[in-house]
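Both of the next two complexes hold subunit A, though its partner changes from subunit B to subunit C.
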Partner chain A sequence: MSASSPWSLDRSTRALLWKWGLVLLVPVLVYTFLWQGDSVVNAAFLGLANPNNSTYAVATPGNMVQALIFSALFYLLVTALSGYLLAVDSGRHSFAPVWVDVVLYAVVPILLIALTNDLVIGIALSAVAWGAYFLVRAIARRRFNRFPPAVAPADPPAPIANAELRRRAIFGSVSFGVVLALIWIVVDIVFYVSGVFPSLLLLTILLPVRTVLLVVGSYFMGHFAARVAQNFTVEAYARRNKRREAKGLKALRPQRAQLTPNDNPLRSSGARVIFMAALLAFVLLYPALDSFLFSYGTGGRLAGYGDAGYYVILALGLNIVVGFAGLLDLGYVAFFAIGAYAWAIVGSSQFGQLFNIFLSNSVASGLFWPMLLGAALLAAFFGVVLGLPTLRLRGDYLAIVTLGFGEIVPIVALNLRQITNGANGLVGVHSPGFFGLAWNVTTPVPYYYLILALIGFTIFAAIRLRDSRLGRAWVAIREDEIAAASSGINLRNTKLLAFGAGAFFSGFAGAYHGAKLGVISPDVFSYGDSIIFLAMVVIGGLGSIPGVIVGALAVYSLYVLILGQLDTMAAVPHTFMYNFHTTIIHIIPGFTFGNIRNLTFGVLLILIMIFRPEGLIPSARRKRELHENLDEQEPDVLGSLDVTFADPAFEAEVRVE
Partner chain B sequence: MSTSEIKSPVSEAASVETPLLELRDVTKRFGGLAAVQDVSLRIMPGEIISIIGPNGAGKTTVFNLITGIYRVTTGEILLGGQTLAGLSPDRIVRRGITRTFQNIRLFNNMTVLENVLVGYHTRLRATVLGALFRPPHVRREEEEAREKALKLLGFFGPELVARQDEYVLNLSYAEKRRVEIARALAAQPKLLLLDEPTAGMNEAETLDAVKYVRRLRDELGVTILLIEHKLAVTMGISDRIAVLDYGKKIAEDLPEVIRRDERVIAAYLGRPTSVDEEQVSAE
Partner chain C sequence: MSYYLQFVIVGLASGSIYALIALGYTMVYGIIELINFAHGDIFMIGMMVAITFLDLLHVTDKNPPTGFALVGILAAAFLVAMLACAIVGVVTERIAYRPLRNANRLAPLISAIGVSLILEDLGKLWKGLNYISFPQIFPNVFYSIGGVQIAAVDLFAIVVAVVLMIGLQWFITYTRMGRAMRAVAQDREAAALMGVNVNQVISITFFVGAGLAGAASIIYGLKFGSTIYYIGFQLGLIAFTAAVLGGIGNLVGAMLGGLIIGLVQSFSVLIPDSLAPHSHGFGLPLGGAAWMLAIIFAILILILVFRPSGLLGQNVPDKV
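So, the complex of A and B:
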């Protein structure tokens, strides 16, 4: 590297390059060579090059193209991230916390997914690993009585010129691209020489193409990274504000934490843009990628992710009620059941028997789309109706009444035989149809995209509601009902709205579940489910949308996939679980893992609540509540789960009407 | 900083003849105990009225009755000639009465700005669909609310504007009081009820509080009813003072008259009977 212009670098920039280059290279290399990164590219390329070779029959040509597109996007986005980080890092923070972040949130999940060969189980185990890390850290902090210094120094970071920003971004991207390309070439040659490599084709065509793409692409990604970084400078805000002023809008205020240069660039807004782009590319192209990442069993896995997906929707919906508005709801399964029955009645032969209108299969399947909204609205309606009697209650009392609803709705479904067909349930519930195409169990891909779209809408709605007048009112009620009422918030309407909004999303989940399962009966919905939903919200982090999503995935796979299937695993001879099980049976005759499923799950919950009470990914608010006011003299109201009661006479007099 | 935009237009339009707030023989009983008994009070637009009295005299109960947190047992409360009977606290806010609390009730885990924005709740119109799809008018009203909220915080000086994104938990006691008043002002009230606005403040902060209470009336045109323990404060800022003792109004007059009123002095310094009772109960 010569000292002449664009590449002449001062010492600090070179230090940053080392820092971020190493930090990003480790997870990328782990993904590429320890897991399936290079196999995805190679297999997809070879499959396209030899369309008649049965070795590559696991994937269709379409999937191969998608896999290649994903790989290109992924690696280019990583180079962009490298450029971005180099451009915006203020360089004031040391390696250690960044390493912990990257190892904890990138390397560990990739390794666990690769080891367990399942995406959701890998994420769940990662969540357990995170929990263990938090536990160790909490103990260490208590033992050594040491707290890390505050993150943000008082003085704002020195501004950086746009040209310098761009130069650093491009430099960071291209260097990372070049290093990655070189390492990949070396590994490929080693593989080829050692004979692991299947084809000379790869070496002669793929390798040069890949190298050129990485190097040239990384240059353009450097420009992209500079663009992203420049969006978060003081000048960019000034420019944007000028435009807003012309439109008569109020000026935006940049948060110091968002500005370039940034003290914690991995968590800055710009890095989030790149993370989100990569995540979006992954979830959208996942059905095509699956067969490359995990070889066989794509259909079953995708179907399983659909189930995990409706748990995510339920957790996000419940989060509105419990996390935002602080209303402890132990009967959320009721609205899930109502949503499921709404579609099951319309989408099965029951509809014809009830109303004497007989629809052709394709029409009935097409009805799914309007009924998706219908089921959600019906669930929301019942959310409001069941919310009405609870308005004067709070805390424990509210929880007990909602608990009742969770019991009542399945019992009503059991006994309302004319409509719900009683204990036999409704069978032959139609799958959704699309332009005359009916879906069925053997086609999990449409379901995958359906649940993805529903989750996307739910996340969008939850964020919009949270950041609105209504979201503020919910949090205000959670914090202090009397102050909220005295600020002009109508307690009745606002609480009912929370119940309704929460129930609305469970209607989506219910309709989806009914359509996918094809059978709905009262025993599908039990009180235990409500508790599982609540556990998802609390473990993920009350009120935190990303937290609740991770919580839902983690709890779903821990409880349903892992703990629920230990017995099945133990039935396979000569495995670790088999030997473990036989050893225990010698000591405790008749032992099964099913017996201790709830016990194990309960112990896990207790451990998380002791050492990470704010959840895995807490909302900023809740983290403060539980940690930063420990030395304040008066305890603060902790929301629905820990209501402090003021003077009873005073509270009793607060009227809702 | 110009504060003319946040001036409440209603208070100017109100007639001088009808009182802004009128309490007619208001009584509140908790079981057998009459916390407030036959209290009558008239507050004209633009006045600053203080309620004083010993601990347990029923001052805060009067506030809770006016703001709808308690229901009146007998009697009537009228705002601008219209009864407030049966209205919920939020309805009363919409009618134009807001308040602060004796033991500050801010939303501790919301930021300074968010707290004031909650105060704007009644002035914003976004529905669920509006919040979801954020059409231009919702966007505009949100931004306007933010702008006005900052202006309100600016009324108390530049410090709170600078700390707008901090959680109120981290503010000093005096700053919390100011945020609470800003939140109450956000709903653009005609009448502002301040429950001990200088409680827990040192001398300098008290002096500052007295100044801004007066400015609230003079610059924003808000009528103010306050409860205050520090006699020096009440004497300094009130147009009239009402004195409560054992739930009854024992006097109401100009500050200089109240200062010399024997019943008031007795209520504050204690009467032999009540002292005896305390001693008996202590034993």
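So, the complex of A and C:
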């Protein structure tokens, strides 16, 4: 590394620059020009610049500002990522896996979202694509008997000095920023020359602003990337551990994937920080972005995402019971129903009927917030109660008993007419509101943010639970109950806490669903729902929190959105779907896409169980567990017969007298 | 007293249906320790096959066959339904359960749920969303015994079930294949070492178990007269309760459990409605009939908590 000029770098670093520059440019260009990235910025800018012109002002000024903020954040974060990756890469591994990662996890989803013009369907189809890719890869590996090397290189890469990290990061970021700005300028000029440009304002004001922002911002983003990279070096961990020891805490032991420099920087912890920041910005600013990205139907979509949201919470809750603690619960819908009825009884006129206390509308609405906690606690209580008979049961029996509970609770709800109003259900359930200020029920945006907050809390709670002593106790009883009991874990309390914790989150989802839907009756809940929740957890990855979230979104979109869309498409005459549909109707009269929902589900479940039982995004532990029977990682080792004579293991066992 | 005899006969008749289905559950659990969630849906498929078969023969309620024609058609219906169910059972075992035989406990269970979903949708696609009627070809004859009206179809159900159960017991005890099945249920590896073809034995177990469900489906159709695509789930759950009640893995236990559950179901109608004026608050709201499923599950839970090995099973301690 020559120190003569701050911009001179050795050949290997330049090679890395090409590698990461190209790798990142592809998805960014796909997003910007193949999809809507460009038009988001243009539309928002034009709308703000021409507030009185109705062709441009497609959204409120607030939304446009949010869209511009998001775009700025997105591009700046990508430049930061570029700098980070250049700084941190140890240069020891080949390009190919990186390309596979980027194409699979970045390019394919963006293309699918653009193709289907729907976010959730696009992500769900990406999940399908990922599943197909893993399946083909597994089959190909078994067929050609080529497995990835199980052992990582023994020596860690040489450490990089902080100053060098900063140099590389800034270089990477600025190069990327400059290249991106140049490409954008070229594209804009091409559009202008071919006459497609909507307005000269764009060229004169937006273009310089954007270029300056990208170039200057990338310099500061380089610094930011360097700071992120420096946080994960060995020295940084040593410093952190010294401080922890001074406070009496345990020392952290980072894994290879967390350290700087790194063999696979796309999957390192620093990169994850940047990904999470981008994801957070996207999710928080989404209601504003939706009208730019997908034109019509924002309200309906946001309402649908609210629904998908409570499925995510349910999946996370069930993940605690089934994934962490290994207790197969097939009746989870019972706790969901209890949570929903809890809010429905308090938040509707039923409260007055039962307790003779009549609340005004605003008071009832304001009660939603304490009732969120109340419904969750009630559901947790019933979780413990329904878990009590199951303490001594093993997997299959536990499943059946919980299935029975899942059946009994709707029956109870149906028959206890005094409390739950029987089959007619409870109508007029209030939406949330602060005292005196009920939510405007015509827009789903407040519900979107509410469910985001709930999901955020649930994820945080789930992560903390998983990494706590209780979480480890759950893993222990999942693996081997008797060994866990012998190690001093109180089986009864741990299992009951698992049921209670899992049911707690379903109480949130239930109260939310009651408030959003406004009507709660026994036919809102059915046995099939429990199976869907279980399928979400299983398909996503048992015990893995990001897996379960993705699984929930995938299953929800498959179950609710995709097949419904196919039916709508099949109603339009003279299209492929329509012809396909009419041909099948001749053979099977009752065919609609909605009717085969469970069929596709069942096939999917069986395929996943046979080929990828650890789910889409497994936790690392689970993957090891589930494949230890199959010789996926190493060839069959028959024991000492397979060991050669000179091997120290063999020598240690055999003693020649 | 004779009033209650009616309930007993009706209970025994539906109990024999549950017993036949429970036998399927218990045989499969005994041999590969898997609760076959799809078993109830195999029962449903059997009924649909039978309905289609009888339709093809143009047998309807309007002109029921009599005499020898009736016997012949009933026998043919039994054969067709049992064969269809047996084939479905063997196919599902081959596709969905055999690849997972050495996997951890969760995988075949979820696979079974998947098969159940597939079969339910197949039923939905085949026969639609509404109730379908089964031709009521059994003569609507009532015998008067001791002042009580007993339906001939109930007696028929009991007789057929008893004959099949005796046949099964003979098969398990006195034939070579039965001995092989008992061996595989006891210790799979040792049986394999003794020269038993384990895969074949398991397939035959599924064949027989599902075949019995086919017989149950005909009896159900003759007695209750209608079916719908989701009937398998509830009936399957009730039959599973029966199997657990008798002791899972134990054939006589499954038969006994089925009969007991049938009697419980029949007598639960007698529980008064606590909301009705004449009951003075005693009983359950809306009467015993509305709570039948809940009562049966309560029995399941009580059995599993207090005597998990069932009535006829041995208390096997949990080995490390």
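Definition applied: the second predicted complex is superposed on the first by the 602 of 657 C-alpha atoms of A that agree within 3 Å, B and C clash if a C-alpha of one lies under 4 Å from a C-alpha of the other, contacts with A are read in each partner's own complex, and residues count from 1 in each chain.
Simple rule for what comes next: a contact is a pair of C-beta atoms (placed from the backbone, for glycine too) under 8 Å apart; a residue touches a chain by one contact, two chains touch by 3 or more.
What you see is a predicted model; the values in this text were computed from it and never measured.
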**Message:** For A:Ala501 in the superposed arrangement: first (subunit B), second (subunit C), both or neither?
**Reply:** first
**Request:** Classify the contacts of A:Glu407 with the two partner chains as first (subunit B alone), second (subunit C alone), both, or neither.
**Result:** second
**Request:** Look at A:Arg469 in the shared chain and tell me whether it touches subunit B only, subunit C only, both, or neither; answer first, second, both or neither.
**Result:** first
**Message:** On the A-aligned overlay, A:Ala461 touches which partner chain: subunit B = first, subunit C = second, or both, or neither?
**Reply:** first
**Message:** If we overlay the two complexes on their shared chain A, which of subunit B and subunit C does A:Ala485 touch? Say first, second, both or neither.
**Reply:** first
**Message:** Taking the superposition on A as described, I'd like to know which of subunit B and subunit C A:Asp10 touches: first, second, both or neither.
**Reply:** neither
**Request:** Check subunit A for residues that touch subunit B in one structure and subunit C in the other, and list them.
**Result:** 482, 625, 629
**Message:** Can you tell me which positions in subunit C touch subunit A when the two form their complex?
**Reply:** 29, 33-35, 95-96, 99-100, 102-111, 113-122, 124-129, 233, 237, 240, 244, 275, 284-286, 290-291, 293-294, 297-298, 300-301, 304-305, 308, 318, 320
**Prompt:** Which of the residues in subunit A end up touching subunit C in this complex?
**Reply:** 328, 389-390, 392-397, 399-401, 403-405, 407-408, 411-412, 414-418, 482, 527, 531, 534, 538, 542, 588-591, 595-599, 601-606, 609-610, 613, 625-626, 629
**Message:** Give the list of subunit B residues in touch with subunit A in this complex.
**Reply:** 30, 64, 67-71, 88-91, 93-94, 98-99, 101, 105-110, 114, 117-122, 124, 126, 128, 130-134, 138-140, 142-144, 146-147, 165, 167, 169, 183-184, 186-187
**Message:** So in the complex, the part of subunit A that touches subunit B is made up of which residues?
**Reply:** 249-250, 255, 461, 464-465, 468-473, 475-476, 479-480, 482-492, 497, 501, 621-622, 624-625, 628-629, 632, 636, 649-650, 653-657
